[in-house]
């Protein structure tokens, strides 16, 4: 099969400070579909277009951030195979039994060298296409929320991004799409990696503290949907970090904004196709501003400092 | 690696009746980049964003149509491996030496049961990203042509589409994304297949005559670019078959139009992501109109009859 | 004042065959705001953004069509003044008392030479901006309907379009924006007129029968909203006549479609600004197709024949 | 006539520090059409879609800013009539002879109480529609520049904006569309005025120094064109002040950016229709941020301080 192994970003468990307020916000402002609550009080969501049962899990905690980010793999055999390869690479793995997350099969959990917890899983209940598998209608947006298409990627901050990249590229089959170099011209400040033909399925930024979240990103279908998202954010007094603007890196259009707990989220649109035979693009330190925010070619203060 | 095997549509060799007129039209109206001419008189093009040397090859002939459609595979080992698998499946293959197409490596050529010639290849010269691999600028459209992003897919007509589908799915790793059933509810009228996470990398329609081309498709970046394409077509007196409109199948927006030789081309935008773990969507015979042209829910006469 | 006299299209009274079904359709599919019912059973609507009480009035009847189309004028003095000017031009006028239409002041009603009933009025209750007159929020679309911005114009069919044009231009201060000539190169097949700086506030087509409606048009904010409208139409099995496409005349993008009674409506976007110092644009008979439907440059059969 | 008196913004004479560099920039980056040079060395431009000979005049000077802003009026009679009315209002007027600006008739020049020079004129040579007055084609963007549709409005800073507003509304027939109040809830910080049905044809902001320019604005046709403009700015290292974003006031989308001399320009799209029978919208001091920049609801430092 042409696309095998790790398929795509599948779920993110996000820590929130007030789960009731957050659940309302993720439903009414972000426009996700509520998919239930589990015995431990976690609240589940998916986007309208996603066919698997859940992609965003909120957990009440006393500090914001992301507990783990999970990727769906092709099947059970792939899961076992990648588990073995991770161990062979020196990564300690753990098995989380099926059902620990609602409607989700067994997960292989491990820490990458930046301290983040990543998961792989092969099974999550298919709850169907929004308008059905037979003669589906177009799924026109008909509610007040932003209503993204899918969970798209995350960008995480930590120390050993070289080690983390090796896990993704050497073990999990990801490809390097773009990178930003530090002043020395050698060390990576950041790398963008894909497991499919998307511009990125994860990104890593070098940072003094491990296990930090920069943002979880959701895909929108057009630049006009990005404008609608910004309007909805303002109307709901959502704190916008940056945007609407464009990234030089990936060419995608973007808004960075914060959920009520201070977790940065992104609505992202576009981004070119990248295949594993292609060369990566490199940004030098003097042009990192244009790489991150193409229009004004300057990093804002928050980009390198505000994480959860 | 997560994306391996067959990566993407790479080239289409199209027959034209007047190669000089056609070369001008593909450059000035469609907005492709001319990439040279070979000893046999064939004329080569790529889109601005494509990094490989060529994707469209025009050949002078006395009837329109498509000579062959080629897919790029991950590497030389993959090429040899797929060649063996094709033969094991009973498909006779042929090796075309490197250089027979400009800047293109050795190709494995074979006929699928619908009579079409398909090729695989692992090497085509990287001529670079339009704005470079280091600190690239945005590639803003600055000319009169339509300027598509990439060669996207083709739709071909022939008899044994079941046999052809088997070659693509069982040997080459493609996945079934959508299908249309005939009145009997069992036989496929048409199938849409992907080798990546795109909505389709090839589509097949059952037809009385083999080796027929319905259209070669080029990707655009937005619905507004589709409008601009239609304006350019009208201004240049390009014959439009249908559109701008939307397909129910894939959800993509579209214009079908004809090159000066009568070959149908498409400018296509959008289409949802499809991964190999997902269920295919089925259209029943009574709703085939909405599947093909979502807005007016009717097939036009030309869809099932005009092919080259 | 720079803009005085006749300001804009204000209301259209449309005949429908089943008022309950139609009222649901105009609310849920077209996305208008229901504004009440009067003693005679007429049902009132406005768009979300319109500040005056009503713009669309549905009346149950045994045949479809438009009873009258009304323009708002600057003030009561203007109304009286234009009444006198109409009479001086030989147009018989009638006064409809305030309140005959809900929340609407006295109207001056008259027939133009094509047999259509046109009205002028100076007062209609201001029900406010959708998000208020103080610190208004953006009015983001949050429901299932098409949700147009405003009543934009109408296109009417009748015999003496020259006489009708004279009433609009010589008495009511409209300006000629575009025209289509018949084969003789002299006679107007159709004219587009504006009372503001819009591309048209009314259009007239020469036709064998008087007092016919071609379409009532509603403005949308973008080409992407036109696509959304087409998706909503298909989903709701609305019969689409033509579109999405573009008019050569006015440059606007368009969909022609039918309400449940067979009245043709339009969702229209764009159109250039036209000021009274500008020359009109002329379309010759051989290019009328491109003038009406720019992309395929052909009139469809329905354009000249299907009216209500 | 419904639209009479002052029709629209017609020309702006802008001071630049290096006229050769600026002429290249206005042509290649902003995408205006060069229309010649006069004996005094001034360089003339129009947008592609404008039919009058010129709308932007560059004059070499040792400081940036705007010399004057001109409005086209309906005809010579209107010009004389408005001249008299200005004088009756106590405004001293001056006649600039025809031909002083290329292809432009006699102008009535006067200073408004904020110290700015405003002009009225009735004649400027019609150089035709970009694609002709007979069977015109769509004018598809086919060059590298931003290519705005028209000169849209200007925003000027000065002391007595109440007096200036009176000239525009009481003498020239403009209408108040929106206003921002200072902390006292009474004094206007700023007002937006229209002479047509556009959201604004001029705007005034209260400021300590007279005769200052905040920006000259050019209209774009879509939010996607705003994105393209921002991409072109970055590619050409144009300094962007703010945007792409949306104004709460007018609802228009915007980029503020600087020409090579430091004059702020705007690319603007959208904005609702405003007619003289409509109530103005008021923004209170605590929400001025959302009024100016709707998405982040904050004024940037430059908005109230950087003028030329």
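Should a chain be cited, it is by its letter among A, B, C and D, assigned in written order, with residues numbered from 1 in that chain.
Following the convention adopted for this analysis, a contact is a pair of C-beta atoms (placed from the backbone, for glycine too) under 8 Å apart; a residue touches a chain by one contact, two chains touch by 3 or more.
Because the structure is a prediction, the values reported are computed rather than measured.
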Checklist entry - More C-beta contacts across B-C or across C-D? => result C-D
Item to check | Furthest chain, CA centroid comparison against chain A | outcome: C
Checklist outcome for this item: Per the C-alpha centroid definition, the whole-Å distance linking chain A and chain C comes out as 47
Next on the checklist: Measuring centre to centre with CA averages, how many angstrom lie between chain B and chain C?
Outcome noted: 43
Checklist entry - Approximately how many whole Å separate the CA-defined centres of chain C and chain D? => result 31
Next on the checklist: Can you list every residue of chain D that touches 2 or more other chains, as numbers and ranges?
Outcome noted: 138, 222-224, 231, 234, 246, 290, 294
Next on the checklist: Considering only the defined contacts, which chain D positions touch chain A in the complex?
Outcome noted: 223-224, 227, 230-231, 233-234, 237, 240, 243-246, 253, 290, 294-297
Next on the checklist: Under the stated contact criterion, what part of chain D meets chain C in this complex?
Outcome noted: 1-8, 49, 51, 72, 74-75, 126, 129, 133-136, 138, 149-150, 172-175, 195-198, 221-223, 246, 248, 251, 270, 272-273, 275-284, 287, 290-291, 294
Item to check | Contact footprint of chain B on chain D as seen in their complex | outcome: 137-138, 140-144, 222, 224, 228, 231-232, 234-235
